[in-house]
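Okay, so here's the structure we're looking at.
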Amino acid sequence: MNRMQIAGQLLPTMVLILDLCGTFAFALSGAMAGVRRRLDLFGVLALSFAASSFGGIGRDVLIGAVPPAALTDWRYLGVSLAAGVIAFFWSSRIEQGRTPVRLLDAIGLSLFAVAGTEKALAYGLRPEMAALLGMLTGIGGGVARDVLLAEIPAVLRSELYAVAALAGAAIVVGGSVLHLPVLVGSMTGGLVCFSLRMMAIRRGWRLPVAPDSDQGAKP
Amino acid sequence: MNRMQIAGQLLPTMVLILDLCGTFAFALSGAMAGVRRRLDLFGVLALSFAASSFGGIGRDVLIGAVPPAALTDWRYLGVSLAAGVIAFFWSSRIEQGRTPVRLLDAIGLSLFAVAGTEKALAYGLRPEMAALLGMLTGIGGGVARDVLLAEIPAVLRSELYAVAALAGAAIVVGGSVLHLPVLVGSMTGGLVCFSLRMMAIRRGWRLPVAPDSDQGAKP
Amino acid sequence: MNRMQIAGQLLPTMVLILDLCGTFAFALSGAMAGVRRRLDLFGVLALSFAASSFGGIGRDVLIGAVPPAALTDWRYLGVSLAAGVIAFFWSSRIEQGRTPVRLLDAIGLSLFAVAGTEKALAYGLRPEMAALLGMLTGIGGGVARDVLLAEIPAVLRSELYAVAALAGAAIVVGGSVLHLPVLVGSMTGGLVCFSLRMMAIRRGWRLPVAPDSDQGAKP
């Protein structure tokens, strides 16, 4: 069995595992946002599912992979609900650890950006669009979570977030263009995304806002 | 003509009729939310259409039934717009009846949960996912209505709502798994959903919120 | 080469050009909304892309044209990002011109309503539904922009907006039904939409709101 065949067998399994880990991490962070807003059990579970699966569902709808994996494979739903129930009952314990929601969120972001890019490449999208879809997979769940809570999505003005996802996705795409082994590209991309995001939180790295056009005239 | 064939002919007709009745009920409730927020005529009609059709459109996009029924069959649009115009001109009269919006909403919820589940089953989704999609069909329009009004969707924290839809959908799925006649499963599922929802409103049945993690420390 | 063949060659090119011009106009108006809300550079670019492309992406998902043109053709993304960067750095200059955002928005609306209707017709939708989809293409980006900013979409209560798009789309559909040359229908439709929208802004034309049901009783 040559390298190509191994990669061909590894790819689907790896995409699945990455997807499920990312699902758990995002579901936990979505559920905790719901707990903080005093939603009921259904609301918390719905936010778990939205935060964990709407990025991937969006990606699958856009590339024509319907019904989306999150709706045909019960494992995504199961992992989401499990994370939601855990957050519902033990949110205070999860909250106590230092910045645990952000840590989980960074893990989910990295895993989804990588898995989303791999899947978009597997569906034949052009490299730059696969990277864009990978980023969208990573940030989509969080956007859905914030829209459902009637808030401006944090990703539009937080510390480096989408940019970290995009960097990770770009590395995956680069690895694919250079025909590197899938695992190398994926792991490097995921690590870069995760490190960039954690550094951004710790050091407060932010993108600039537009130069002020009116010297503070607007209140 | 045996029972199977009758069911085969009845199913599409029944799904259509259920869909149209649900469309009218949800459109009315969506339009009245728009009237209350002082939207203009277009805004009211847009909310009619969103509340009545986005659940079904979402379902159809997710199962790959595009263009969605709501966009190929003018009857959905016609029923939505008719309900919107009625609500626009006679909202005060509709409002006067006791909790009429909630009653209509419960009817729409039941009809959509059942019709959505039937359609998902007809497209070959697994039973548990068909139930989930039925629930999504039922609550999707209301979520779209609330998101468009920049509010947290009521379904995330109201009295039993999605749970009622899920119960109805589960009964439809159960009937299908047990090979009961389609009408039996559908009508039982719809009645259970409707009764559960109306009881929940009357008696204030709610799902729990998460145990308070900080004894009211957060304001 | 007969008229039919010329139209057959012109149509795709014309749809592309209209789409790209509309993309630029909407991206600029989306980006400026982001600048005004003090989003960071990514937020501004994301709003550019959302405002410029979500109408077309929604249309493409609904008619089954996936992956959507906005994700397979880098020119849409490039034009969006260029408009976003321009708005980011020169927003004050763009703002200084008299009602420039609204002018751009009206141009984008007209171009998208026409292009969206043409594409829906090309995908075989029925005339009235093609007009509806053309209108949705025109207003979809603005709705996405406002939802992401957690605001009620302006289109639901502004001066004639969706109605202008619908009028333009209806003319395109009418031209197609009457077998007029594509350019005639498209240009007439676009001009009618643009004129109607600009007149509506200048003269404050609005659709009515519902007759007050309670003589101001509700605060």
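Just so it is clear, A, B and C label the chains in written order, and each chain counts residues from 1 on its own.
Note that in this section contacts are C-beta pairs under 8 Å (C-beta built on N, C-alpha and C of every residue); 3 or more make two chains touch, one makes a residue touch a chain.
What you see is a predicted model; the values in this text were computed from it and never measured.
Under the contact definition, chain B and chain C share the contacting chains A. Although chain A and chain B share one sequence, what matters here is the overlap of their interface residues, and that overlap falls short of half of the numbers used. Matching CA atoms, the turn from chain A to chain C amounts to 120°, rounded to the nearest 5. Rounded to a whole number, the gap between the C-alpha centres of chain A and chain B is 30 angstrom.
With touch defined as above, residues shared between interfaces to two or more other chains in chain A number as follows: 61, 147, 150. The touching residues of chain C, when paired with chain A in their complex, are 34-44, 46-47, 57, 61, 66-68, 71-72, 74, 77, 87-89, 91-92, 95, 147-150. Within the complex, the chain A residues that touch chain C are 61-64, 123, 125-126, 128-129, 132-133, 143, 147, 150-153, 155-157, 161-163, 206-211, 213-214, 218.
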